[in-house]
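Listed next: structures, encoded as structure tokens.
Paired with chain B in one complex and with chain C in the other, chain A is shared by the two complexes that follow.
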Partner chain A sequence: MSGWAAGFEAVLDPQALFLILAGVLVGILVGALPGLSATMAVAVLLPFTFALEPVDGMMLLLGIYGGALYAGSIPAILIRAPGTPSAAATVLDGHPMSQRGRAGEALSISVVASAVGGMVGVVFLALFAPRVAEFALRFGPAEYFMLSIFALTIIASLSESAMVKGLISGTLGLLIAMIGLDPIQAFPRFAFGSVELSAGIQFIPILIGLFGVAEALRQFERLRGGVEERPALGSFRLGFDRLKRLAPTTAGSSVLGFLVGVLPGTGGDIGSFVAYNETKRFARGEKNFGRGDPRGVAAAESANNASTAGALTPTLTLGIPGDSVSAILIGAITVHGLRPGPQLFTGSPELVYGIFIGFFLVYTCLLVVGLLGIRLWVQLMRVPTRFLWPTVLVLSVVGSYALRSNPFDVLVMLLAAVLGYFMMKGGYPLAPLVIGVILGPIAESGFRRAMIISGGSFEWLLTPIPLTLLILTLASIALAALRARSGSASSA
Partner chain B sequence: MGWRLLRVSGLAVAVVTLLGVVACGPAGEDEFPSEQIEIIVPWAAGGGTDQTARQLAAVAEETCGTGIIVSNQTGSTGAVGFQAAATARPDGYTVGLATVEIAMINHLGVAPVTPEDVRGVMQYNFDPAAFSVGSDSPYESIEDVIAAAEDGEDIRVGTSGTGSIWHVAAAGLAREAGVEFTYVPFDGAAPAIAAVLGGQIEATSASGAEVAPQVEAGELRPLVVMGEERLDILPDTPTTQEVGIDWESGAWRGLVVPNDTPDDVVQTLNECFREAYESEQFQDFMETQGFGMVYRDAGEFESYMDEEFERFGELIRELDIRAE
Partner chain C sequence: MRAGVGDIVAAALLVAVAVAVVLLTLDFPPPGQPDDPGAATFPRMVAGALAVFALLLLVQGGRSEESLPRGRALLRVVGVVVLLAIYAAVLEALGFMLATMLFLVGALLLAGMRRPLMLALMPVGVSLTLFYVFSVLLRVSLPRGVLERFIF
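What follows is the complex of A and B.
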């Protein structure tokens, strides 16, 4: 209990509290701007924390982390441009809600779900950290391979109405992810002798192009057609009824997001899709998903924020980062001569428990700032279309360039935009492509590592976790096929 | 022979420059540096190399008496940044940060750049590879591992990628000991360490600093350090020499300039960056972050890079991990 007392003492201090607020504000800013990421902001601000107390420095960085993961949903909902990779799943129902004049409601759900997801994640972190970390260690290459195969079945269930087009889109994503040095032997694939291509295609420029810029292109087209639609913003209020109805989704998705976040190498981007899919699978009236179902927004947003606490679990208990942000957080801890790992819990309880308490306060702060800020965010929608979309275009170019200061990324973004535009025209869903790009490398390297480790035998497939995931995968495909068939039968 | 000559003449230049500075103060004929210096870091902001560069630059602003900015030009295993440093104007105002990869990527078929394209200014870091197993492993020493491998046991070694320094370091160790390991490449050292802790593989090859947290927590057992001396952070782990294996390898970092940079400019840079290297602030930083401190002057670093280039060429050809 003394650990908690030390933690409270460290965090309930004006400077620490101020840094939480500052972090959340910076996080919201970088999260909402496509191309600027939490990883980047944390890396840039890291040296400033060297001069601070370890706990204070962590408050700033955790504030950025939580704020950015939430804020990625703002442009995802309003202009169909996810601000962070983790907000890609939020687009699915968030943007349709906004088009149907329910932007206010979608934004409110996103704030509440993000804050609740984050808090649930932090509670799990504080209660179960060491045990959950053990679970993460049991995930070896074979387990990662089967997990990503299971997650790939999301493509099938997201594309029930257009199965073939969904599969084409997903395969395209897998192909794009294959460009560059292969993850095992570093052999260049589809590089055609180009240094840029052999370095691989960056995910964020694709995301920016595919969603934000492709949407901008479509809006330009509409503008030329003389149609300027301006959907209403709708109410911001979330009645008690609505909150009650979203509670099971939010709770379940938070747990899923946390667990996916715990696994090193998988984070909010995958977690939000997994949670979205499971919500859809178990929900009544699943036909509404993809057309502006509030449950879709709640699932994606609670999962991606819960994944932040998940990522901290192996970071704090094992010294193994759960994602790219927590990898930098390790630097923020070691610079003070501390080492993440079990001994951190006994050696520096004020830091460990301070992180638990502080991260919970980050999400409390996020809830307040977010709810106050919504009315400000939606002003974006009042910007006349002919100014809004050119601005999106400029920010997208700047954002893709800022990533690595590499003009090649801008080219990738523009090509992705053209691809996204024609895919939308042809009725090809974009989410499967994103899922393919995210999961392809994890599946491939998992499979090949498992084969190296087993000396070329497939025996790993029969070990408990991979076998369970294999059965779930087959069940998931069968269910999607069944639903697709009954769907086409009823509509025929 | 040629290098020794260069080193001697370098020393002479250093002495003369030093005397000049002491005797005449700022009125000396060599006014370098009078403008801002840019350090090109070929790795991402926030990473280990970037952190060391920024710390060094902060101190060197005072010792070199001019502004120093750090720019990250990343991509292609460092090739983008190395190339930028090699082709910059040779006036000393663009300094490249060279890491061990500059001696490897040409052999790996990643990019044409080699140490021949740059001149050394100074080396400031060396992190030897550490070979570790899980604490519940039956192997108590590197000799146990080698004996098991000789008996035909499959020793699966996690590395931070095919052709990474930690892969090549482990492969060099195996070659020297006359055994073969199976290498499992991961995306960085952390997942490779996790795979050892999870019991999926037997061992990992990584820098001492990367395994230190798990060693301290009693989850990893480091068996050998591939450096000349034992590491402060792993004081109980023997070096390769102590266990009778003639193999040293690890990651290093240093500063370089384009080939045609004049000797006096190189020497001035070496002087003021050396002073920064020796400062308490930089030494403290390197120590708390677990980076190994090894210094080589311009000439020594130049010949060290060439030796490494030779050595890696041989080994990488033998391992057959070239990309093309």
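What follows is the complex of A and C.
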């Protein structure tokens, strides 16, 4: 219980509360602009947290993320352009609603469902995570090695029907992580005599390059202006009746979204599609789905936000990121010399419980601010975003440079951006690469320590937890291969 | 589904990376203690996996490739990368504000901004604001040049 007390003390402080509110506002602003995603917002605005206390920094980032995640549904509903990949499922029913002049209603449903989904997710997170952390204290090197492999294969196998490309992306991440001192002998690998390279590649410039600058390059290629025309909004009113009818969908999708999010390597985009499909399957009148059924919007948005909280479970308890944003949050935590994992729960309870409490407050804040300002957020879509990208680039340079006051890190960011640009062009998902960079040292030292402990034999693979993970890994590959085969058969 | 040109180029590059990694590991020291697989083993395993995936790419072929930009679009993308490289190179010599202003003028021009007033005001406003917020409010250190010493 003392963890909760420490958490409340850290969060119920004027500065932390202010940062939550500021984060939500900034997040909504950024998320509502077409082309600027929630992941990008968190990556590019990371430098604002360098000088803050860890808890305060997390409040700002969680606020930005929650706000941007919700606001991504605004362009999704109004102009069919999801402001964030995880709002893609929202488009399916949100946009048809908007074409029928019910955009206002869809937007209101989206706020309420996002907030409820987020809150349900956070409650589950707070209930589960401490248990998982306690269990994870028993994990040794073999468990961490297999967990890393499992996380990488599952994220790759779920990468929008491009498993091989996902696996390549993750493998490249592992290789990047090997530059610098090796975890056991401290031999400088792939350093070519350079002091900079021996120290290893910094994680934050890679993140900023991949998620901020690479996207900016794509935007410079296309140069889209603001959106001139806007559909009729209709009424924003949500009756009590309507809410009551949407309640079962929202509750079910929230729980489902959380469960999907808990799997290492899966986040909001997958969570919202799974929940959308299940809602459709079990709903009466499924014909309406895809034609502007409010239940579709509620399912997608609540699951989307709940799975974000779910993704924080492996992130906080094991140090294994659930998706690209939780990878960025790991980066933000390690900046302060802390390491996510089971020890974080005993070592920094104020941070862990502060995150639970703060994330709940983020969604409370989102509900109020989102509903109050709903007419205003819609206007944001008229901002000509192409003149914002140069500023995004400046923030990216600041974020890469400021961490160590080192221009080398800006160079790393630029290379990561060019790599990310080509990867996006070729249909390679970026998330596995980032997760690979985080998992590289965990996987390698796990593997080598496990071998040392077992005297050079592979018998550690046959102990219960690693064996289970091995079976799950093989199963996820087999499933993805099957799906790919049936997919190409039906499209042929 | 057949592999496209993009897949073939990518697969060749990835195999080359994998081979280079294995060659580089030949110089790594032997394990420091018995039963440790050593500094070279894990990179070799990962490089092997990369080569296998690269070959799978050839067999399976990819989907959802976007074509690379041409003409003006290509110039804009290359232009931004070059501007960023110059920005990084002169950041410490010129100081944050001056370097940022010059970069922003260039980047705004590339983005199609033609109004002289905005080309003057936006770079000044953005660089002043960011320097104030980071350096003064948040105490994140940014390189100081002539302008910073003069103003703050």
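Brief remarks on what is shown
Methods note: the second predicted complex is superposed on the first by the 273 of 492 C-alpha atoms of A that agree within 3 Å, B and C clash if a C-alpha of one lies under 4 Å from a C-alpha of the other, contacts with A are read in each partner's own complex, and residues count from 1 in each chain.
Criterion: a contact is a pair of C-beta atoms (placed from the backbone, for glycine too) under 8 Å apart; a residue touches a chain by one contact, two chains touch by 3 or more.
Given the structure is predicted, the values throughout are model-derived calculations rather than measurements.
When the two complexes are overlaid on their common chain A, residue A:I184 makes contact with chain B and with chain C alike.
When both complexes are overlaid on chain A, the residue A:G455 reaches chain B and chain C alike. Greater residue coverage of chain A by touch, when chain B is weighed against chain C, goes to C.
Once the two complexes are laid over each other on the shared chain, residue contacts for A:V397 go to chain C alone; chain B is not touched. Residue contacts after overlaying the shared chain place A:E444 against chain C, while chain B stays out of touching range.
Legend: residue contacts after superposition of the two complexes on their common chain; A:L474 is shown touching neither chain B nor chain C.
Of the two partner chains placed around the shared chain by superposition, chain B is the only one that A:R339 touches, whereas chain C remains out of contact. Residues 47, 184-185, 187, 405, 452, 455 of chain A lie at the contact with chain B in one complex and at the contact with chain C in the other. Remark: chain C residues 1, 6, 10, 14, 17, 21, 24-25, 28-29, 31-39, 41-43, 46-47, 49-50, 53-54, 56-57, 60, 62-66, 68-69, 73-74, 76-77, 79-81, 84-85, 87-89, 91-92, 96, 100, 103-104, 107-108, 110-113, 118, 122, 126-127, 130, 133-134, 138-143 touch chain A in the complex. Against chain A, in their complex, chain B makes its touches with residues 44-46, 51, 54, 71-76, 79-80, 108, 110-111, 154, 156, 161-163, 182-187, 190-191, 193-195, 197-201, 212-214, 216-217, 219, 285, 288-290, 321, 323-324. Of all residues in chain A, only 39-40, 42-44, 46-47, 136-141, 181, 183-188, 195-196, 198-199, 264-265, 314, 318-321, 327-328, 331, 334-337, 339-343, 404-406, 445, 449, 452-453, 455 touch chain B in the complex they form.
Partner chain C is touched in their complex by these residues of chain A: 47-48, 50-52, 160-162, 164-165, 167-168, 171-172, 174-175, 178, 182, 184-185, 187, 189-190, 213, 216-217, 220-223, 386-387, 389-391, 393-395, 397-398, 401-402, 405, 407, 410-411, 414, 417-418, 421, 424-427, 443-444, 447-448, 451-452, 454-456, 484, 488.
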